[in-house]
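Listed next: structures, encoded as structure tokens.
One chain, chain A, links the two complexes that follow: it is found with chain B in the first and with chain C in the second.
So, the complex of A and B:
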């Protein structure tokens, strides 16, 4: 389930890390003391990460039938998944979500980080905290809040529609429900991504700006030639986390479902499908298969993003 | 690029030292912040309304009797005060889960940054690969495994999976590489200090901003946790706030429905207040961590 080359490629992205490895090589290579520190983490990790992955791989090659009980079926579950219209519909939906929501959110986050870092903003720290605050709000509360706001009966949506005299805003309608979910996710995570970018901007040495100013570079030139290149690693990481978040989409649609049950099906996203298969349908083996397919798809896309990020860095 | 004259040079560099603030930029960012804070304002205002005035009043202004204290009282006594129980459960999961996750990630990140040991490359590969594996993809298999081990519907089914934060490990590792000088560790070794003692007396202090950051993210993640308790727990007495609030919310629909929207809204407000306080409080440490990071270059 995990790819072994991707993480090492990621490791090389940190500047300081390559240098420290060279430094460490000078010391004796057979030194077990590091395990004092890494051991406890790895023990729990094996129980909570590796064991479930192996267990779900194991589950995914079996099927429980009314006649004959549990049988080894090889890749039958995987074949079923790739021809299952419900799964494909959900996978298509999260892909569409990813293609639209992630660029919008990251562009907003990047613009905000550059604005806060530009030193041309009055009260920059207020903006930083204000934008990040939604991240501290539990996802359930965020969805409940926006769900109420969206509601035509007691929310702001109803107020705005009354004001305009027509049902202009209709978040709970087929064309808009995915946008409504995208808005909640953007609201929750835009500040978090802004902070990742902002932290990376803060590591740019002052001398670089001074040198750029000496060369007569203006604000935009500085952004293009110094800030954006310095942000490459952070952008790659933020993109990977956002992709993971999109593919995992569960909380927001699952909670909104109680407000709009006719618009959000039980297989709206692959994660909701896997959840409903295992808890309502008792189809444990097939649920494990869906989880694995989505995990592999996520890892592959994350790997591709990482490779692209690296290639740009080498240029 | 043209060679700058002396005048332009001094003008440019001074504009970096004390740039004027831009009204346009401030206005644009103000709109952005309003978007961020609007739902929180709505929540705060709505928590002062009774069930009746929630409907049919403008969402962003006060209306009807001021019922905040009545709502808070009702939230705490509704269903024999189960809200307080959920609050305590959430705290317990945060202390054990996020506390444990921070400790394990700090130790391991430090170990990876400052030691060469057999199997290090393998640890890198597996742990950083795990960042790309969706946590929720693991939730269903973890549930199936835990139910065989008899751990479901216990606090351990929430705490144990919360103990691992690959991202936290990554953060500490990146942070420790630069912030703990290898020469300092070598000096301590020459003096004969053991590795654990060196860690607790010297390194940990240098790692504080990184540790606080990881703790902050772990606290938010555990406080926020929804999917894991949703599948692991069936006993309402073990629910964290997130699951409990959603259960109240769902009471509004279905047969024999008993809508308690005012309690859901007030309960939501009470849920976010502590986490926002923690965040704002830790932010001070964290800002120093950020600026330390920028000075270091």
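So, the complex of A and C:
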């Protein structure tokens, strides 16, 4: 350190106070060595994260037509997005999905994590692995599998209906299709979220439990006063992941669409809309606009959740 | 804990923002607009001979089952030429891949298969080579008028590979079991559907969920509708013309009375339904026998082919349902060689024979009229000489049909507009009106002058 900062310190020796050189050293604007360490990361980050975002921003202010070529249109695409009933319908649908599916999934995951952590569950590690396994199944395979289960003629649904002698279950029908998708997503990610919660529970020091036991706290009191407060950070994280996942809902509806094309439109979720605009409609510019709008909306909501989570933790 | 949590949260938030945009960024590698400037074609038929002699390597994208055998035969005939075959799996993936390569300005194959309905979209964007200069105009007499018309609008943009004149495939075992006659008019067809449902609710006259635009447009075509008129940049769309209404009215009856199964085509349930005969008929293109044989072996011997029912019981008339051509792209480094391969692929006896052996339905007049082809008895169809029926269909395709310049896109949103009507068991005309609106909007956005 001294070799490179010595001349600097010398140049400013007018101030002449030895103690201040420590501060000077720290502030030295020409010390790029830190960048050498973060450089490789920053290069990859710039290439794979920043460049696509900038490119999408660039795309989103143009319009390309089959007849007439490419034109700069300023914010026209954004104006169109906010008045586009298809986009708004898709955005509304994922918001509804977020409002219903995420709480259900996280509650289940929390219950599972608390149960496994309670030490009263026989074969806890079996349950842990079992719950987590769906996450290891590739998403596409999982959806195809559920697609078969849902099939009213060939699948489990059909068998249950036959057994009951009536069409009780109808996952492939307008009122139930979103629930059916929510069920798949929940199945896929309960284990993942459970693991986040479980890992957080394992970090609680044993002394706290002992103290609670000495104070005469039962299981539920322990959960309420020790475990849940300790889980707040993890819940914030899991919520943010789930918000991102909901807004980016794509795989499940897109694959189910091949089984029930009349139930799931090409603009069922914003991501599907962007995908279809770009790959089927050749409207790359507008697709980029949709993606950016959704990206910003996701970031804002995630940030709000983060702030709230933080405030709670500081209390 | 708090500090670590925050870092992770911040990273997650950043990732959320970026992933959304990343989805789109990978979709288009090229600058907005601007089609690649291919080397202009030239040279005529001699250039083809010279190029085939000189040799070289080309890439060919297709999803035709016979492609591998055809390429092998070609490379044997022209040992200097090396053809790299890429199986694109199906029309949709093929078009998406091709569109991406064209947008990116590189990566497109030299020769590629395109459905007739997708051809105008690529033609209008200057992505294809006009083959007129290679003397392809001389090949016109080889092909049926309807397929030739599909590849030649203001130029020659490809050579027809196959065709899909519609015929009525029906399950004779089911028809016999329920004492049904093969319908010759659509009214009889609806009655047969009612009889079938009355006898056993598990049996449907056919399947249709309002999500297959290829079927809808072909049925409109057969009913005499000509909803799309394209003249350069001027496009007229009228999905409520007489023919379109005629189809929508009669087909709405089937949907409203719950006589059609709303199973999606090409799903596992669909194949199972065809094999068991619970889907009792299928009005579909003449390429279907190959699909039957590979996908529904359990139904072997049960199925037969009949001409399409008509609306007035008069002269038989049908429509093309699918079918494709091969084209040469502007990105080809060696368009003369690509044209040479294409010419051999879709006009040489050798190549077409390979195509026929694999169960293809040709677009060439000679093969369609050859006694060998006509008298072929299909085991799957209980020994019926199905090609006689199908060739009759090929000869009675209604003329004057045009596709939209953005048909691939239009088809992709057909399910959005028409599908919900089927679910509500409503009037298909309403769905067609909605589809028209979507197309008018899209066409206008894309710079066309769209009239209704």
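The rule is short, and it goes like this: the second predicted complex is superposed on the first by the 273 of 315 C-alpha atoms of A that agree within 3 Å, B and C clash if a C-alpha of one lies under 4 Å from a C-alpha of the other, contacts with A are read in each partner's own complex, and residues count from 1 in each chain.
Assume a residue touches a chain if its C-beta (ideal position, glycine included) is under 8 Å from a C-beta of that chain, and two chains touch if they have at least 3 such contacts.
Everything quoted here is computed from the prediction, not taken from an experiment.
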| item | value |
| --- | --- |
| Partner chain(s) touched by A:98 [first = chain B, second = chain C, both, neither] | neither |
| Partner chain in contact with A:248 - chain B first, chain C second, else both or neither | both |
| Superposition-derived comparison: chain B or chain C, residues of chain A touched | B |
| Touched partner set for A:66, first chain B, second chain C, both or neither | second |
| Contacts of A:56 with chain B and chain C, given as first, second, both or neither | both |
| Which of chain B and chain C A:295 touches, first, second, both or neither | both |
| Partner chain(s) touched by A:240 [first = chain B, second = chain C, both, neither] | both |
| Which superposed partner A:287 touches (first chain B, second chain C, both, neither) | both |
| Partner chain in contact with A:276 - chain B first, chain C second, else both or neither | second |
| Touching partner for A:263 - first (chain B), second (chain C), both, neither | second |
| Common ground on chain A, meaning residues reached by chain C in one complex and by chain B in the other | 48-49, 51-53, 55-56, 59, 148, 153-154, 203, 240, 244, 247-248, 258, 261, 271, 274-275, 278-279, 284, 287-288, 291-292, 294-295, 298-299, 302-303 |
| Interface residues, chain A side, partner chain C - complex | 48-49, 51-53, 55-57, 59, 62, 64-70, 148, 151, 153-154, 174, 203, 233, 236-237, 240-241, 243-244, 247-248, 258-263, 265-267, 271, 274-276, 278-285, 287-288, 290-292, 294-296, 298-299, 302-303, 306, 309-310, 313-314 |
| List of chain A residues in touch with chain B within their complex | 1-8, 10-11, 14, 16-17, 20, 23-25, 27, 29-38, 40-42, 44-45, 47-53, 55-56, 59, 108, 112, 115-116, 118-123, 125-127, 129-142, 144-146, 148-149, 153-156, 159, 187, 190-191, 199, 202-206, 209-210, 213-217, 240, 244, 247-248, 250-251, 255, 258, 261, 271, 274-275, 278-279, 284, 287-288, 291-292, 294-295, 298-299, 302-303 |
| In the complex with chain A, residue positions of chain C that touch it | 1-2, 5-6, 8-10, 12-28, 31-34, 96, 99-100, 103, 121, 124-125, 209-211, 233, 262-264, 267-269, 272-273, 405-406, 408-409, 412-413, 415-416, 419-420, 422-423, 442, 445-448 |
| Chain A-touching residues of chain B, taken from the complex the two chains share | 1-2, 4, 8-9, 12-13, 15-16, 19-22, 25-26, 28-29, 32-33, 35-37, 39-40, 42-43, 46, 54-56, 58-60, 104-105, 107-108, 110-121, 123-138, 140-145, 160-161, 163-164, 169, 173-174, 177-178, 182, 195-196, 199, 220, 223-224, 226-227, 231, 241-243, 245-246, 249-250, 252-253, 261, 264-265, 268, 271-272, 275-276, 278-280, 283, 287, 290-291, 293-294, 296-297 |
